[in-house]
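The structure is given below, and queries will be raised subsequently.
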Amino acid sequence: MAQSMVKEFTKGLWAEIPPFRLVLGLCPVLAVTKSVENGIGMGIATTFVLVCSNLLVSLLRSVIPAKVRIAAYIIIIATFVTVVELVMQAYTYPLFLKLGIFIPLIVVNCIVLGRAEAFASKNSPVLSIADGLGMGIGFTLSLGALGAVRESLGNGTILGSPVFGPEFQPFTFMVEAPGAFVCLGLMLCLMNLIGKK
Amino acid sequence: MREMINMVIVLTVLSAFSGGLLAAVKTGTKEQIEQQVLKFQKAPAIKQILSDVSNDPLQDRFKIMDNDQELTFFVGKHDGKPDSVIFETSGKGFSGDIGLMVGINIDSDEIIGVCVTTHSETPGLGSRAKDDPKFVSQFAGMKMDKNLDIKKNGGEIDIMSGATITSAGVSLAAKKAQEIYTRLKPEIEKQTAQMAN
Amino acid sequence: MFKQNKFTVSHAPFWHDGDSINTMNLNIMAAALPATLFGVMQFGMAALGVICLSIASAMAWEALFNFISKRPITIHDYNAAVIGIIFGMMLPATIPWWAVITGTFVCIVVGQQIFGGIGANPFNPAIIGIAILSLSWKIFFDFDAALVNYQFDFTALSPLDALKHQGPEVVGLFTLTSLLMGNQIGAIGSVFGAGIILGGIYLIIRGYIRWEVSVAYIAGIIFTALIFNMVDPVKYASPMFHLLTGYTLLGAFFLATESSTSPVNIIPMIIYGIMGGVMTILIRNIGAYPDGTVYAILLINLINPLIDKIRPKTFGKGCNQCVK
Amino acid sequence: MIKRSFIGLTKPKLMCDLVEPGPKEPESIPIPPRMILLLNETLDSTRESLIKKGDMVKKGERIFLYKDSQEYVTSPVSGTITSIAPFTGDFGAVATYFILETNTTQDIDSNFTEFAGTPDIVTADRYLRGIPGNPPLKQLADSANKINKIVITGVDDDLMCTTRQYLLTRFRDDISKATALLRQLTGISDISIAMPESMAKLSAFNGMNMVKVASDYVSSLPQMIMVNHLGVNFVPGKTCEEMGVCFISVEAALSLVKAYAEKLPVYEKIITVIDKKGKKTRVSAIIGTPIHRIFTHIGVETGEKDRIIIGGPLRGTAAYTLYHPVQPDMDNIIIQDANDIPLISDYPCINCGNCVRICPANVPVNILVRYLEANLYQDAADSYDLFSCIECGLCSYVCTAKIPIFQYIRLGKHELTKIDSDIETEAENV
Amino acid sequence: MGDYFVLAISCIFVNNILLAQFLGNCPFLGTSKKMETATGMAMAVVFVLVLAGIITWITDTYLLKPLDIEFLRTLSFILIIASLVQFVEMFLKKSIPALYAGLGIFLPLITTNCAVMGVCLININEEYTFMQSLVSSFTYAVGFGLALILFAGVRERTIIARVPKPLQDTSIGLVTAGMIALSFFAFKGMV
């Protein structure tokens, strides 16, 4: 049991790390990675929704009739998304403003629904939590990494503090929309290169 | 039939659970959210414009319906005398609206200062409107009859080089404030008078 | 029995008209020389340094990428050199060395090599480089500020920036002949209009660029600028002013004509060119940037694959004896 | 070596050579001691062949590989088979070659003689395939082909080639006989004769259907003649015969006339040999003669890395050995000096558009070649008009990137046809 | 009228939903490899987005706001979109099979597409009127379709080019998309 938990947890960190391995849920990845802080914030919000919905779906997996399962999952996910939305608004307001529309949009994030459908609906609550946590942390790490690259090059800072010294002129392209696409594309290439070994 | 009933029951229970949970969270966070909005969006701007007031403008506020728009005015007092109001307007920027807090002295009808609240301008270009003192300080001391447009359009405001559009947006917001203030002056005076203690 | 020679065996055709990528690129560089040399004379050794660094680093990046991706080294086709010189022509003489190197990296690696090298780039690599660089480090492309330490015996104002900031009354400061003869400040290779036109005509005659694209582009510029100018001459500058300032002429002869990103059929070439001209003026007159050439060309590069589907009817199309 | 002209704005048209005025008679090449016959059928080592090493064959005798073989080759001399082996042609097509030791006494196979009095297409197909000019007897005899037009071509379909024009001028008085014979053989009355515009004034052709072909390069290709002069619709992927038009070279028509007149198959093939300096020599050689015999007879030199082109410079094929035998359709041989051989490259298309603007069939070559390069043949055919190509070779000729486009095109067509026929045979086997 | 025109230009070009707002990227990358799928997806999005935009606007204005239950917005919107897609699918299958054959496979994809949900939320956040919501939904969808089709045009070529192995497919697709976003900077400041 413990072994399989570890397995489910770690696969989300490398072997199936979203969004690099499963190229889904790209919009938040592109939109909120202007800085590390935004990226990690988004990642944590998504992780919360993932874990909670995975848990609930798994608990209810024998109760929910197959025909309405997608509808049920959507209700569950939407509920937790709204909880996150309200909580963030109340306690991390600046971050809430920066992430904007992308918080409610967690509800359509393919990863969340995907894990509910592909994993939680077939596995025990414990494993489902491990899966959700793994995927969520993997997602958070990806967003954080992308945010780190974009923020450091594009703004000269990481988590707001300068990293290249005062001489550095930020490569603003990186924090602009086109930079998001190009940067993600090149990181994907890097992952492909490493993954081959 | 059994399945049908089952489906309806599950969805209803889920929805009820969801509605209940959300309603609870909503009520729990309502106060906090309002506080946060004031604290993060308005407070810094208000503080910057009215640095030497004796009251807390966030507390002393009133609302006026202007057409179908509700405007919130924050009142600043010097020595207990409410002599200035601050309210927010907006202008079209390089990418999206720019929110501008405008503080006006009721006695002299002069602008005390302006401050950008929300914007999504390019970092390093338009975003300088928020923290370039040279630019925003131009508005201070302007009377209501001054043309606050940028010089290119026949007004008195020097643009920030490299960000004409943002400059024009800020000017536009300030002009709007002039216009609103002039129109609502009687109402404003009535309301502030009540706040005198 | 006699000794059998080894013969060359390959497929038809056995003749070739002698054209090649090398000669094409050498010709482009030759055509770029007049405007570049003028720029070097005007802006001094710094300009020469920028051009040389640009060419050299472009070739170095290509060689490096070839090496890393384990492909044959292709710098001998001078494609990187062409991109380097055209990129360099669009830079101000005062740009720091590291920005040039970063720029050629963007041009060569991001703009072209990762798509598979020569011919595979969906956007003009030099334009990609300039767009990304000017977006990141706008100060270097503020020609007035960049060239502030130079002494010129003509109006030392960047015409398009002046136009954007002060309106068309500044147009009077520049005569068309002086603009044509390079008496303006701007990028190294973009100030000497006559030289660019000379190079362009040379390339057209040699058949390395298509006159349809250049002419349509210029027509688009003149037409749109004329309409704006007629509607409100106080607000919008004249067509000839637009034609002779900024990157316009570079765009018409050296940028929009780049082969892999421009159409091969005649009607699409004309649409492509006109769209480019129209967008350039739209951006200058109602858009955000003083000079719209760069983004206008990116846009027409983008629509190129679609419009190039307009082509003459293929032999045998439209008969009703379908084989399959 | 061709040099690009300084002005590249408009590409000049390539002009075909015209036959020289008052051409000399061809030099006759003596019958060689050993000759090579090519048979268009694969040698199957698991089957017993009808013909074996050491067998004697008579002049005019048909050689079949197996009992059920449809293909045959007739022996141009009487001799002894000394070797039978597979022969690899273009795109890995496998044929069979026979080496024939010429006998001193010449026996003649007279099977054809008894049919020669009453010309009909079935016996012509049975005995006269592979006579000089290679008349498409098989297609004419095949009732599935709805051929309703015959064109005797006195124009050559590649640059530098002049053999057909030569035959047209030299034997112009026999053309009316050829027309009559073809009419008698096939029952088709719509027979025209394609000739260079410059020759159309000759009175010998009065009363014939004349197709006056311009002398720029692509005008003389069969498909262009069909569309420009005969008003027949071109259908991508079909042969001219399938579209109802049969092209017969003037030599083939004349050979038929001669064979019926002599009541025996004929074998003297007229060939124009063009040496490295461009000097043309016309020869008459027996089909099956290894080409080195021709070269030594007329004193043509070949060197290391030279290229021996069978046909013209844009559509021909390269021979890899001096033992390549004279074939029924081998009108021209060009020797290209090693230094004149243009290099092809491994560059991708740079989209210069030269090919697109020169293609007579308006094929979008610039995109087509990318699909072919990526081995996406089906897409190339479905969306980018692979089968509209009439195989003129001009696109490769002008390609800035020196891509072997024409080779890709032929390969693509070949692969698709192979897939199609594979599917058919599979369907039959099921 | 003029305002609607400006709104339309803004939604199609300046604030293009894909290239400036980062919404709908999964189908953008997933359906752009072939022109046919791209056009199919573009049409399906226009169809669904307009319907969803209208219905969610009505729901929000006449149900959620009066009852002061805006916190149920996310939940109700996603349910509306999901069931709308189901209905459209069933309706097309029965009534217009030809259109269904063209759009069918793309419809389910749209449920989990940020673009649809995103535009519905934008309409509310920007406090658009009914007509403005209608125009914005339609023109955002047109902007989506335009970007998708332009992307497919470029991608049809890059996909057969000699892209180095690790960059193939999605990786180079993202870089290309970035360059398209860059070219859409041309429209900045125009409205």
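All chains are identified by letter, namely A, B, C, D and E, in their written order; residue positions are counted from 1 within each chain.
One rule holds for everything that comes next: a contact is a pair of C-beta atoms (placed from the backbone, for glycine too) under 8 Å apart; a residue touches a chain by one contact, two chains touch by 3 or more.
Only a predicted model underlies this, so the values are computations on that prediction, with no experimental measurement involved.
**Q** Could you name all chains that are in contact with subunit A and with subunit B at the same time?
**A** Shared contacts of subunit A and subunit B: C, E.
**Q** Any chains in contact with both subunit A and subunit D?
**A** C, E
**Q** How many Å are there between the centre of subunit C and the centre of subunit D, using C-alpha atoms for each centre?
**A** Whole-Å distance between the two chain centres: 48.
**Q** For subunit D versus subunit E, what separation do you get between their C-alpha means, in angstrom?
**A** Going by mean C-alpha positions, subunit D sits 58 Å from subunit E.
**Q** From the mean C-alpha coordinate of subunit C to that of subunit E, what's the distance rounded to whole Å?
**A** Between these chains, centre-to-centre, one finds 34 Å.
**Q** Which residue numbers or ranges of subunit D touch two or more of the other chains?
**A** 348
**Q** Going through subunit E residue by residue, note those that touch at least 2 other chains and give them in order.
**A** Each of 20, 71-72, 75, 157, 161-162, 167, 172, 175, 179, 182, 185, 188-189 in subunit E touches at least two other chains.
**Q** Residue numbers in subunit A touching 2 or more other chains?
**A** 71, 75, 78-79, 82, 86, 170, 172, 176, 178, 182, 189
**Q** Can you list every touching chain pair?
**A** A-B, A-C, A-E, B-C, B-E, C-D, C-E, D-E
**Q** Residues of subunit C touching subunit E in their complex?
**A** So the residues of subunit C in touch with subunit E come to 69, 71, 110, 114-117, 119-120, 122-123, 128, 131-132, 135, 279, 282-283, 286-289, 292, 295-296, 298-299, 301-306.
**Q** Taking the complex as given, what residues does subunit D use to touch subunit E?
**A** 348, 367, 370-371, 373-374, 376
**Q** For a test of understanding, state which residues of subunit E touch subunit D in their complex under the given definition.
**A** These residues of subunit E touch subunit D: 157, 160-162.
**Q** Quick one: in the complex, what on subunit B touches subunit E?
**A** For subunit B paired with subunit E, touching residues are 18-19, 22-23, 25-26, 94-96, 165.
**Q** What residues on subunit C touch subunit B, complex-wise?
**A** 138-139, 142, 164-167, 288
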